[in-house]
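A, B, C and D label the chains in the order they appear, each numbered from 1.
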Amino acid sequence: MIDKDAVSSVDAVKAIWNKEGLDGHLGLSVDHVADGIARVSMVLHREHLNLYGTGHGGALFSLADSAFALACNTRGYVTVASGCTIEFLRPAIVGDCLLAEAKWVDTNGKSSIYDVKIYNDKNEILAIFKGRSHQTSKLVTDFSSGDNK
Amino acid sequence: MIDKDAVSSVDAVKAIWNKEGLDGHLGLSVDHVADGIARVSMVLHREHLNLYGTGHGGALFSLADSAFALACNTRGYVTVASGCTIEFLRPAIVGDCLLAEAKWVDTNGKSSIYDVKIYNDKNEILAIFKGRSHQTSKLVTDFSSGDNK
Amino acid sequence: MIDKDAVSSVDAVKAIWNKEGLDGHLGLSVDHVADGIARVSMVLHREHLNLYGTGHGGALFSLADSAFALACNTRGYVTVASGCTIEFLRPAIVGDCLLAEAKWVDTNGKSSIYDVKIYNDKNEILAIFKGRSHQTSKLVTDFSSGDNK
Amino acid sequence: MIDKDAVSSVDAVKAIWNKEGLDGHLGLSVDHVADGIARVSMVLHREHLNLYGTGHGGALFSLADSAFALACNTRGYVTVASGCTIEFLRPAIVGDCLLAEAKWVDTNGKSSIYDVKIYNDKNEILAIFKGRSHQTSKLVTDFSSGDNK
């Protein structure tokens, strides 16, 4: 299923990873990007906690959303989220190494669906995210020369 | 609809606002908390941006989720999110002052629904969030003496 | 907010109400349609029940979805659902007269958000539905001459 | 992963399939039920159509919801939906043979997540459904002797 265009799109999307934006601010790392797939990880620190001292829903969502964004931008065109759902199953605790894995599910026209799961070190699922993306007519490569910095 | 217990719960939930957690790390401010209602704001800075230089979905979600958390913890019991949905309508840009307003919708048993809308300075809706909460049997006041720090 | 075009669109959307489709098959009635608003009702019968003898989630969803469809087609253009969420709060029982009320929330470009609530006779909320619609370039009036029959 | 208790629960859940309820009214058929899995099918007829003559969102949701209900009741305990999301990707047309396949994803405590996909004859995905279930303390076998009729 991997085609050459996808490979170059993967390079393009890696090139726009924005270390100065939220991804860097939260300490996210890109582990793997391929056609329609991305894995992003983070270690849960005190600055990611909520009122009760466990991982803030926004930290988990940000991790999943970043994996989703990388995965859905591997298709060559600038693609944005239109809506997302997240179900929380287990809390994250300080020190957890969290991994979000995003996978393309299906596309019709400019609309696609991606599934993302967030795992902890014990391979337990902490949260299940579903994202709907909308593909624009702009090319990712137009951004990868540094326009976003 | 405001009752005395709610008023003391509002004080309790304000007391557990965690400046050292994600809320502080993202620069969120509590504008207003009342029974079943909360308003939280943030100014969008570079550290909140996504791949394309607009507000990261995770920054918007975090803002909405924090307003939701405050609103649903005003009822006296420690209450957690079970699932959330967010629909993105317009992008946030650097310098925007964003306001999330969370309102209780309904409760049955230990399960409640809250609506949250995120507005920019022009009073445009940027995102619409719906949260489902689950009330535990622990009291918020048990945390407000500083257990989460 | 009501404009003349909306009024004629309301007539057009009423004209395409499909009694021979699912709406008629489930016994739904249109109570009210206006610009961005619709109320649809049904009486819960045995043919609407689930495995455990209460209202099937699909019956409640259908009621909400039909109210959503009427409301989002009052803007003149053929508009379809892209995604929906539903939260169930209380069961419906045989004999309940159920009312779904759909209200427009916001629009950006061709994408809009609608809220729908389902009430029983006691004015309790049974379910909370959120729909995202996508507006096509076709006119509703092109269908109201009977093309869908 | 299949255990003996699950096998008897599968029999119990098959026994409560309610032909006189919505499932029968819409013409749904149970194709397969196993531990955490269910496949339900329907042929799309005129009584399943929406305003524009394609499959009503409520018909698709009902199909998915019934598969979800069977799958999540194979665990021995009466289990109900707390909330669901559905994304529509392609329209269903009259004569389509639609298949909904529900699969358990994960459980924590009394809360579980299930994925459901709806396919047409061409194996295209028409809709993607995610359900969150809540397990009660009642046994499915208490219903299978005909209490729901």
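Note that a residue touches a chain if its C-beta (ideal position, glycine included) is under 8 Å from a C-beta of that chain, and two chains touch if they have at least 3 such contacts.
All values reported here derive from a predicted model rather than from experimental measurement.
Counting only C-alpha atoms to place each centre, which chain is farthest from chain C?
A
Does B-D or A-D have the larger number of C-beta pairs in contact?
If we tally the C-beta pairs in contact for B-D and A-D, the bigger total goes to A-D.
If you average the CA atoms of chain A and of chain B, how many Å lie between those two points?
The answer is 22 Å.
So how far apart, in whole Å, are chain B and chain C when each is placed at the average of its C-alpha atoms?
Result: the chain centres lie 30 Å from each other.
Using mean CA coordinates as chain centres, what's the chain A-chain D distance in Å?
Spacing between the chain centres: roughly 30 Å.
If you look at chain D, which of its residues touch at least two other chains?
82-83, 85, 87, 111, 132 - these are the residues of chain D that touch more than one other chain.
Touching residues of chain D toward chain B in the complex: what are they?
Checking each residue of chain D against chain B gives 82-83, 85, 111, 132.
Inside the complex, what are the residues of chain B that reach chain A?
Those residues of chain B that touch chain A are 13, 16-18, 20-26, 46-53, 56-59, 61-63, 65-66, 69-70, 73, 78, 80-88, 143, 147-148.
Where on chain D does chain A make contact in their complex?
That would be residues 85, 87, 89-90, 105-108, 111, 113, 115, 125, 128, 130, 132 of chain D.
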